[in-house]
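First subunit A sits with subunit B, and in the next complex the same chain sits with subunit C.
Up next, the complex of A and B:
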């Protein structure tokens, strides 16, 4: 899937995270802002990269503002932002790969 | 039959499916069921992404035995089929259909669930259905809805929309809901499915809430929809049999079984006249006590 336009998903409420995606420069540019970046930064990065990989996205600028989100929320917000950036909402292969 | 069809459902707590702060740990309040809402709680401009939150919450959060029901968007929207695919793929326990008015709607949902179960390798028949009744027509069709599908475990009154349709309002007295409640519980019992009461939204009026729960308990309802965790202990308190009820029910069951062998049909227990007609009710009290975790006997 190709990111063709900027999109955002999630909020800045506690336990949530806000994910912004926009077209990349041929690679994945990852930026993270989090109060727990020292404790969980690597884990958040890992979850984001795995989610992008499952979606078949390797060319994107992605910025996360984390407010204490669980892994399941991070995955949901990344997928939500990518869906908005690609206009892909129906017939998802829920839990499958290569959406 | 799916063994979960008759499970204990005293409380069903509504949660906005796309609010991470709400869906991450509702089990700490011990509701019997949680209702992850994709419908009214989700703003129109968030419908597109709410399913992702739902799917991953269902897949990854351990709800510790709470039943996970998903309220899908109405069958008059573009969302409901993908809602079902997402919820079934996530492994939800049941789908709640809003604004149900006919058995055909239940069967349409049933067909989509069956396709999704096949597509996502979920055992066929695992996903149950409940139907929300929210209109005068729905109340009049309650029995047909109750008998529409083997997957349907119950019906629930949605008082807000129903009173609008009836051209009245929620008064706090219950008078405006009297007919619907009576009709629905009779229909549910005739079809041998469960029946659930509407939410009580005046959150500071705990006395009024308790009275309403006592009323619907006496009417025969199986449980109530909940919008705030502090309502849960009140419902559980009223719906859980007391030790006095349990001891009496135990005596009734034992006596009826003993006397039946001796050919005696009518006798007294603690000064009350008892016959076979009391048997099912006493058994139900024991079953409810067991399901509520308060039965320590041997029956």
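Up next, the complex of A and C:
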């Protein structure tokens, strides 16, 4: 799938995260700001990369401001942002990640 | 060297501080030593005044110079004006290399950051720090080592002469012109002056700063004129409305109320719950709620408390008001209701030394049946961390945590299993402040773990309907929800020590390293 426009999902509430995606320049650009980056930075990146991979996204600028969200929340917010950025809402996502 | 809580204390830190690694709570029991004493300038004449016009002048009169150690107390908590007021003048005089020895520091003292950066302040000794000072310490900006010590530990350090306070500043809600000080009676009341009593006894110079000068004699004095060199009147010494900042208000959080109920159920089923028991709580929401629910059970079963200790809050003072406790012993007031209660005849003021000092002939904490505490982290060895955040930055205070935990017969720690994404029960705490040997029970919203050392408690809870689990099970539940945290990345440089209450090194705090992703 191709990211064609910027989109955002999530909030800055505690235990949530806000995910912003924009069209990339040929690769995945990942930026993370997190209250728990010291303990969970690598884990968050892993979840984001897996989710993007499952969605078939490899060209995106993705920025996450995390307020201690669990993996399931992060995954859902990434899926949400990508859906909005690709106008792709069928068959996907909230019954199980894009296959 | 590995100490008794399994922490590796670098040899160069032991050498630099002349301290020993922690060797267990009772290692120094029976230890004999000669107490230190202050240099005292006698006042025999009946003509001179102790009144000085302003802080700058009093600093000069006290002979302020580079490298001195200044003492402060924290009864105004986040509403304190004294520390900043004094340090501004110290800075303006161009004095350098000052060590601050405070009973605690908070976010109210963020302005000190500038003085840490320019070398006015090179040492910080406190129960804890928050905000910008904590960040500065963790970033390695403080020239010397930060020392975090408990309330009892501070008294020990001063009485033993390990720390010599050159000038102590006491923010006094009322004072007369001869330095009789009280924590009440003025426009900014903090209730008690317990933490500054040791400063008054052991500092070479003692300066009272007040915003309410009353006529002589300001009796009964909480701190006597016999210990005070000078009195300075300023516009405001603090904002009492901010005393309660950071401390919990009555909670409506169901999770905390549930833990409070668990706690009360545990307390009343433990063997110490009988007429004449003693009790202390911290100021966490669940701890406060547990006092409220305990009061209900005490009434139902007609059980009376002999004495309550604190760190006092409204629910504890209500016990006195309602005739459910014989006496309150007070070292600090966490809200204005507690401040107001100080005038009651059975509300007794005690010094920090009487409260918690392990190096005197016996402190109140040793007479406690129960203490209810909180913690940022508890590990599977029951070690608690209350000073360093899970992100590795100094952001909390020991307070009386290690003192009461060591003294009480039944030490209960209440903590939600997870806070945001941070597991409170973990394999290894970031930094040990209170050793696991002091902790008997950990209560979380997902279950209760009794320290296996306390087979007697495990035995008497057999028939009790509470969700008992092992501490490892609690950790595993936490990790199953939030994932296992990675260890925070630290620099090798040691920026602070966590001092045991007996003066040994419980743990070290290292400089924080900027997070870097591992190679994918």
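Definition applied: the second predicted complex is superposed on the first by the 92 of 99 C-alpha atoms of A that agree within 3 Å, B and C clash if a C-alpha of one lies under 4 Å from a C-alpha of the other, contacts with A are read in each partner's own complex, and residues count from 1 in each chain.
By definition in this document, a residue touches a chain if its C-beta (ideal position, glycine included) is under 8 Å from a C-beta of that chain, and two chains touch if they have at least 3 such contacts.
Bear in mind the structure is a predicted one, so any value in this text is a computation, not a measurement.
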When both partners are placed on the shared chain, which of subunit B and subunit C touches more of subunit A: B
Touching partner for A:79 - first (subunit B), second (subunit C), both, neither: first
Touching partner for A:25 - first (subunit B), second (subunit C), both, neither: neither
Which superposed partner A:14 touches (first subunit B, second subunit C, both, neither): both
Contacts of A:89 with subunit B and subunit C, given as first, second, both or neither: first
Touched partner set for A:49, first subunit B, second subunit C, both or neither: second
Contacts of A:70 with subunit B and subunit C, given as first, second, both or neither: both
Which of subunit B and subunit C A:40 touches, first, second, both or neither: second
Intersection of the subunit A residues that touch subunit B with those that touch subunit C: 14-15, 69-71
Interface residues, subunit A side, partner subunit C - complex: 14-15, 35-43, 45, 49, 67-71
Residues of subunit B that touch subunit A when the two form their complex: 18-21, 24, 48-49, 51-53, 55-57, 59-61, 82, 85-86, 89-90, 120
Residues of subunit A that touch subunit B when the two form their complex: 9, 13-16, 69-73, 75-77, 79-81, 83-84, 89-92, 94-95
Subunit A contact footprint on subunit C (complex, rising order): 390-392, 420-422, 481-483, 485-486, 488-489, 515, 517-518, 520
